[in-house]
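In what comes next, subunit A is part of two complexes: it sits with subunit B in the first one and with subunit C in the second one.
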Partner chain A sequence: MKKVRDNFLFRMWLMLSALIVLALVGFIIGYIVLNGMKSISLDFLLSHPKGIPLGAEGGILPAIVGSLLLTLIACASASVLALATAVYVSFYCQSRQLETVVHVIVQCMAGVPSIVVGLFGYTFLVAKLNLGRSLLSAGLTLGVMIFPFIEVRAEKSLREFNRAILQSSYALGVSKVYTLLKLVLPQCKADIVAAVTLAGGFAMGAAAPIILTGAVIFAPIPRSLSSPVMALPFHLYILTGEGISLEKAYATALVLMVLIFAINIVSIALTFRRKEVGR
Partner chain B sequence: MNILELISLKAYYGNKQVLHGIDMVIRKNAITAVIGPSGCGKSTLLLTLNRMLEECGGRAEGEIIFDGKDFFAYPKEEVRKRIGIVFQKPTPFPLSIYRNLTYAPIYYGVRDKKRLKQIVESKLKVAGLYEEVQSDLHQSALQLSGGQQQRLCIARALTVEPEILLLDEPCSALDIKNTANIEQMLLRLARDYTIVIVTHNLAQAKRISDYTAFLLDGELVEYDETAKIFSRPEDQRTREYIEGIYG
Partner chain C sequence: MYRVFDRVFTQLVKILTICSLLTLVFVIIFIFKESVVFFKAVPVLRFISGRSWNPLLAADNLSILNIILGTLYVSLVAIVLALPIGVGSALLLAGYVKGQLRVVIRGIIDVLAGIPSVVYGFIGLLVLVKFFETTLGLSSGESVLAGGILLAVMVLPYIISTCHESMEKIYREHAPSSQALGVSRSYLLRKIILPESRRSILAATVLALGRAMGETMAVMMVIGNAPIPPRLFGKCQTIPSLIALEMGMAEVGSLHYHALFASGLVLMLMLLVINLILYFLKKNILLQ
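And then the complex of A and B:
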């Protein structure tokens, strides 16, 4: 009898947990959608902030464009570095110690709080390299933040590649580079792209790293890499923090959420497609 | 004529010595069979001969003379191109049949589409796979059966025109008909290539090889013409191995 009871309790616990989580998520999403829908319009999406104080009227076009640009720069810079690191560690590195050191560094980077990453970006990129508070500085700082996530996934995917097939390729006298480009990367591409998009969603939602490095209140659409930039999470932070307009804040939150959802869905679809192909 | 001459060849994995000083010559345009019980170092010997041992975590010592020159002085890519290997387990690339076979030629600079197509068809024919797959060369190689995959791997090894072909139990996953096909193919290939084949099938060694080497615990016990090994082996251990399997 005890067994039956334990079983029942265990299942109750699982069900309740699932219900609570679903209810919470549903509540948050529903709340934002309901409140945000009221002020969403094409005009809101496509016009600049207006009114007094600025942002009380008008739209969020600069923030949308800014967020997309920041995400793009972050993904581009982080994926180049992460892929290179992953390829080096899994294909070229001969020394176990060096491999461990790289892994520890990557793990530590993943654990650094985003505001600290922001401070690093400020001291190193903005001040030391004199890039100023700009789209470039903020994008690169976000890149530093998502680098470890992409590296870990890319490396895992590369390591999963069948060793016997690699050896058959080397056995033909073919170089490592050719093997990587023609055999390994095409296989791991979907995985890596999925990792990059997922990390992109993470970068898009982050406010802390960009506050000090590039986000300037109600900056217009950036004209160059060295212009300051507005981003959705920062816009949201200003609207609520300064008590400018709660309504607009809900709408902004909704737009940000939809964008991140869209990115995640793309990423899931890519992972799923890989599974299909892999069978 | 000798194409390879092994002089006191030793192989290690870490501290473990697997080959204990092999002296042996491989004759050009002949089929040499390597027989011996499981774990005696047959695969290790083949890996050494196309410089793949170090890729598999091992290391070789001793001397090999390849085509009159020091084997270990060649760039390893060149050795691997000139001495092809087919592994025990089939390892088709996760690409189409066609791309499996053009993979290496493209690397070596063949760009002409017609020439590539010709390579694919001729090597598939040599490996006896053409008839079965000609209707769809662009299907994934992973969809082939085990035996077909093994023949594809043989065809792939031939696409770089090696001088020596090393085969590690190429027939262990094949039925009698496929085995007979491969044996026919090897006999044909022996006119242009030098073949070293590891096999557990003594009847097969007897059918196709010109020379047979008997390996035991990393030592070359006996190496002679196949007819002699199977009719009048000199070493007691060779006789026991051959009779043990037959009896």
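And then the complex of A and C:
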């Protein structure tokens, strides 16, 4: 009898927890989409914030462009460095100790919370290097934040590369660099691009690092790297935090989520294609 | 021709690697350096054991015990809420859901992970906090519990995906023999998969704790940000929200500014310990 009851309770637990998770996802997405759809329009997407207080009327074009630019700078700066590190660790590094040191450093950095990265960006880039609150300092701060994320995934992909192919290539006297560029990278390309896009989505949604380093309440579309920017997450924070306009906040949240999902879908599609090719 | 290119490429990879490692080390040292200035004025123990935080008064009034407790309290509430749900869903995914459906459900759960924290904070403020105020009749819905619930939702995907991976592996190992013996699936899950995967459940817990403690925006929007001793239905302050709120006000180079760096350092050290534990846990899981 006890056994039947235990089994029943166990199953109930599993069912309930899965139901809760699915309900949560449904609720969150439904809440934002339903409320956001009401106040979203082409005009909202394509005009500048207006009204008093600023943001109560008008649109969010500068914030959309700002967010995209920030993401681009972050991805560009982080991916080059992260990729080089991953290649070095998995193909060039000879000593185990050095490998462990690199892993520990990357792991440490992955543990640094985004707000502390923002703190660093604020003091070093904005104040000490005198870059000011700008597109460049915010983008680089985001880049520092997503570096470990890309490095870990890129390294994993490179390490999963078939060792037998690698050995045969070396045995044929093909140089390491040629092997890397013509054999390894083409196969790992999709995985790496997926990692970078995923990191991009992560960077686009992050508000904490850019509060201090570049995001402002209002700015036109940035003309240069040194001009301050508007960003969607920060705009959403201001709209809700200051109680400016709930409708605009819903719509901003919807736009932000749609952009991030679009990025994630690209990344998932890439991962899938790679798996199918691999089979 | 290729020779030259090879050498250039190899050197380039090395230089870029050194650059990135130096940058990372520099970030860590930089934060350390800025905090040390503060610890010269206020002893470390005084800083983490005192209860008052008032940047307008003398240096002695800058201490963060309440804020550390707040950070831990909110994160622990989140873990307690999220762990049973996360482990349950992971078990269900590993044992009962197959093929395409599993991929779809994993995708849906990953969607949760992709939602930015500001959006969580926004929903928390409009739904959770309002619910506490109107339905439960609390004077202020901004509370540790609200932050905890919100964080629980945010760390769920991490718990599920960490647990699920190893549970699936263990399931595949044991499923044929248990089927041959006529053991029911739920018995297999309960008596073998669950105990066998305790290490990865622990890893998931540690990972989620790290995530929760470092989270800024969502928590900041729903906990009220008052540096008082935390209670479940009372306001509190966490280290990330403290930094985010007060950095803009602190003059660069002032004691207040260095105190914020110092609290950032305290948070980083706590997370560092957590991450090192995670690193070794993961290593052990892989070795098994």
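The rule we apply is simple: the second predicted complex is superposed on the first by the 271 of 279 C-alpha atoms of A that agree within 3 Å, B and C clash if a C-alpha of one lies under 4 Å from a C-alpha of the other, contacts with A are read in each partner's own complex, and residues count from 1 in each chain.
Operating definition for what follows: a contact is a pair of C-beta atoms (placed from the backbone, for glycine too) under 8 Å apart; a residue touches a chain by one contact, two chains touch by 3 or more.
None of these values were measured; they are calculated from a predicted model.
S.K.: Answer with first, second, both or neither: which of subunit B and subunit C does A:Tyr178 touch in the superposed model?
M.R.: A:Tyr178 contacts both subunit B and subunit C.
S.K.: Once the two complexes are aligned on chain A, which partner has more residues of subunit A within touching range, subunit B or subunit C?
M.R.: Partner touching more subunit A residues in the overlay: C.
S.K.: Output check: A:Gln187 vs subunit B and subunit C. Expected answer is one of first, second, both, neither. What do you get?
M.R.: first
S.K.: Quick one: classify A:Leu72 as touching subunit B (first), subunit C (second), both or neither.
M.R.: neither
S.K.: Mind working out whether A:Gln167 is in touch with subunit B, subunit C, both or neither, as first, second, both or neither?
M.R.: first
S.K.: Per the contact definition in the header, classify A:Thr240: touching subunit B only (first), subunit C only (second), both, or neither.
M.R.: second
S.K.: Subunit A residues touched by both subunit B and subunit C?
M.R.: Comparing the two interfaces on subunit A, one with subunit B and one with subunit C, the shared residues are 175, 178.
S.K.: Which residues of subunit B touch subunit A in the complex?
M.R.: Interface residues on the subunit B side: 50, 52, 55-56, 77-82, 84-85, 87, 89, 91, 93-95, 103-104, 107, 153, 156-157, 159-160.
S.K.: Taking the touch rule as given, give the residues of subunit C at its contact with subunit A in the complex, in rising order.
M.R.: Interface residues on subunit C, with respect to subunit A: 2, 5-6, 9-10, 12-14, 16-17, 19-21, 23-25, 27-28, 30-31, 34, 84-89, 91-93, 95-96, 105, 107-112, 114-119, 121-123, 125-127, 153, 156, 160, 184, 186-187, 189-190, 210, 213-217, 221, 240, 243-244, 247-248, 252, 260-261, 264, 267-268, 271-272, 274-276, 279.
S.K.: Going by the contact rule set out above, which residues of subunit A touch subunit C in the complex?
M.R.: 6-7, 10-11, 13-18, 20-22, 24-25, 28-29, 31-32, 80-82, 84-85, 87-89, 92, 102-120, 122-124, 127, 144, 147, 151, 175-178, 181, 201, 204-208, 211-212, 233-234, 236-237, 240-241, 246, 249, 253, 256-257, 260-261, 264, 268
S.K.: Which residues of subunit A touch subunit B in the complex?
M.R.: Counting only subunit A, the residues touching subunit B are 162, 164-165, 167-175, 178, 182-183, 187.
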